[in-house]
Amino acid sequence: MLANQIGYYSLILGLLLSVLLCGVSIKDFNKTNKQVNQNILSLSFLQLVFVIVSFLSLIISFINSDFSNETVFNNSHTTKPLFYKISGTWGNHEGSLLLWLLVLTLFIFLFLIKSREQPKKYRILTLLFQQIIIIGFFLFVLMTSNPFNYLFPIPNEGLGLNPILQDPALAIHPPILYLGYVGTSIIFSSSLAAVTQNYVTKEWGQHIKKWVLVSWIFLTIGIMLGSIWAYYELGWGGFWFWDPVENVSLMPWLTLTALLHCIVVLERRVSLTSWVVILSITTFTLSMCGTFLVRSGILNSVHTFANDPARGIFILIFLFALIVLSLGIFFIFHKENNKSSNNFFWLSRETSILINNWFMMYFLSVVLIGTVYPIFLDVISSEKISVGPPFYQKLIVPFLIPFLLFMSLGPRLKWIKSKIENKNSLIITFIISVMLTFFIIKNLTADLLFYTVLISAAFFLFFTTLKELFIKKFNNISQTVSHFGFSLLILSILFNSILSSEIITNIKIGERYDYNKGEIFFKKIEERKESNFNSIIASFEIKDKNGKTIELKPEIRIYNQPIIITSEADIKTTLLDDKFLVMNLVKGNEYFNIRYQVKPFMVWIWISVLLLSLGGLMSLFKRKI
Amino acid sequence: MKNKFSLFVVVIFLSFCFVIFYKGLNTPNNYTPKVNEKKNVPTFKTKDFYSNNYVNSDKIFEENTFYIVNIWASWCVPCRTEHPLLMQLSKNKSIKLIGLNYRDNFNNAKKFIDDLGNPYSRILIDKDGTLGIEFGAYGVPETFLIDKNKDIIKKFVGPINQKIINEIKLIIK
Amino acid sequence: MKVLKIFIILFLVTSFSELKSDEANDILKNKILKNIRCLICQGQSVYDSESEFASSIKLIVDRKINEGLKEKQIYQFLREKYGDWVIFDPQLNKNTYVLWLLPLLLFLFGGAIIYKKIKSNKNNKI
């Protein structure tokens, strides 16, 4: 009711402010005073306030279960717990767009505050480019995806939120992810501004690095949260499915990581400038492209929002307009740098960063082509194919081997010209990695040669970074921590995949099931009632060969609105492994179908991603040299 | 001029992508596996509904006539809506209807037939859904039109309507 | 001596193939099920799905494995019924050459660009 009105008109005011901001900025652009007009900062802040007000209005409507609001009706229910009523605000298409606007306006305001020492014209241009994006989204929301549509007569009850979305990890996953994903907009805008002003320099590199780091950290953790949710809620113990929506968040991460490495070069010398600008443009373009793929209904996925081709057409045109604009600016304004600082020897850190870009672009092309190729094929020849995990694994995993090796050697090289120091210690480390790997896995897998090479490479990176952490240099510790985290990630994933085991069987209450490593005892079931679901909780005792017993209590839940039956796994996590048990009803039977998995080193996957981000965080707070 | 050339390439490429995505928006997303090549009726053995005896696919399709294989279940709501049309079609002399009772309980299925009528010259049991897969079905209701050469010439996913009935009647003339 | 050699080889070979045939069948079955798309679910594999269609497919795959069919033959069987779309691993055929080869071509292209850059750096050395 009232919240609806406030929310809607706040959006209109926000849009008008965009137009006003553009006007004032353009006027201020040619004025000779050094500082940006104070009014501009105030107006930007006001715009942020309006978006916050609009967002809060929607949240309030959700909390009050105000079903006169169409979005609330479609996505909520009176019996939902409060926490999920709130998080349901951004769990739908319209609400998540408000989140987009929130991050867009927040970041430009913070940018204006934190860039006071930067050249005025550059700051104004950044604002203008960002406002173009903001206006586009305001129009998109107001014209096709209004969160404040009225419903009359007012329904008594809502349609409810899909229960698999009612999970804490999924509740915070969008905000964190968007801070990264949408935050790349500021990198996009400021790169375009820098290009037009011929300001792609060392100073600009040092200034923009913080923004790249902030986006990157949030994006990394956001993706991790999505995987954690999938592991606990969705797939049977899987955490990455190469599903289009997952790919869509991974692609900007790949380019953002490459960009981060290029910025590390740029902050020291004016080199790789074209790469920096192109990567900045590409990262946000991929974010927009991802939005298109996920919200237009063009792709088939577990995660897609409700589809609507009209929205798809709007985003498509918007996306291509941004691409044309940014590429146009790049081609017109970018000056190739031929100074000597752009020159470097083949064996140097610059080259290793170029190689990093090369591999990142390759991984990006695999994910991008795999995701959009079915669309192209369908339109061109009406043939439908599926591109699933085997494709991505076959094309990416082999290339990880040289990638890991380059990652170990690259940071040891000096700038411009270098030689590999301490060759002997490197060779010894390499031999140790290979031998260690061989002894560990020789009885575990059939693909002995392949896994030996791959895991050796990961161990090589692991040991070289570990050595640097303990013995030597603290001047590059953030990078070492991140690279160490990455090696740990690869090792965890590989060992987890080789060593995981699973038992699938049908079992009755009171029955005992013997398998070669222990026994499973189906003790009993209990029933429980919650506010929006009834559940059957089973109690299983699992005894291993050593006589150690653990209890696992998987659930089957029957939600009331919408009526959906879900299986909730029970997972016992230790540093050594996760024990995962999930059960399902067998139709028309007193049997339950259970899947019991032992997944070694599962938690290390999450820990290593946190380490990866920690390195980024350390770089953010590092004192200037 | 290198710049101009790469600019040209980029423009062409982007236009191409735009067109593809635009068209992609308008193509329907739900995949209905097409019957492109004529596929012969699969060979199988299954139980007859009423007699509970095993019967071979050769025997089921032995006559020189058109056949319809209709996959149905008592728990399937759209099957009820299409049933009268099947009753109507069964009166046609040029075609025989074979029913495939999919993942169903015998008593419920029998009641369905007793209540709504039996258009089928024979009903087969598909308790676990695997026979449906032999036909390339993935749900209920689905209907297959088989010609005198024992080829599956048409597949209809979802309940049949009058339009489909007319189409079938045209073919079997 | 020869007998001893044969004995050693046999010993080594069998110590590497510790999996019983049951387990091997199970592993193969799971591998296949993860590669089949559940046609009535949004993008899940048959392995991950508990739908009716998925359970029927699981039974069929089980049957076919017991009949001795190889992995490729099982995929071919399903492809004939449902089209290429039902298998997650895109086969290399005229429809998918671009899919598989384009990333590799781009990789080589990227490598060529880097090589050129480094060479031109060498020539520009002060």
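By written order: A, B and C. Residues from 1 in each chain.
The rule is simple: a contact is a pair of C-beta atoms (placed from the backbone, for glycine too) under 8 Å apart; a residue touches a chain by one contact, two chains touch by 3 or more.
Because the structure is predicted, anything quoted here is derived from the model rather than measured.
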Among line, ring, star, complete and other, which best matches the way these chains touch?
complete
If you tally contacting C-beta pairs for every chain pair, which pair wins?
A-C
Taking the mean of the C-alpha atoms as each chain's centre, how many Å separate subunit A from subunit B?
41
Here the gap between subunit A and subunit C, centre to centre from mean Cα coordinates and rounded to Å, is 27
How many angstrom lie between the centres of subunit B and subunit C, each centre taken as the mean Cα position?
31
Where subunit A touches two or more other chains at once, the residues are 300, 384
Which subunit B residues sit where two or more other chains touch them?
31
Multi-partner residues of subunit C (each touching 2 or more other chains)
83, 85-86
Over in the complex, which subunit A residues touch subunit C? Could you list them?
234-236, 238, 241, 243-244, 300-302, 304, 340, 343-346, 351, 354-355, 358, 361-362, 365-366, 369-370, 373, 377, 381, 383-391, 395, 399, 443, 502, 567, 584
Which of the residues in subunit C end up touching subunit B in this complex?
39-40, 52-53, 55-57, 59-60, 63, 80-83, 85-86
Please name which positions on subunit B make contact with subunit C in the complex.
31, 33-34, 39, 103, 128-130, 132-136, 138-139
Complex contact set, residues of subunit A against subunit B
292, 296-298, 300, 307, 309, 312-313, 316, 320, 323-324, 327, 331, 375-376, 378-380, 384, 588
Can you tell me which positions in subunit B touch subunit A when the two form their complex?
3, 7, 10, 14, 18, 20-27, 29, 31, 105
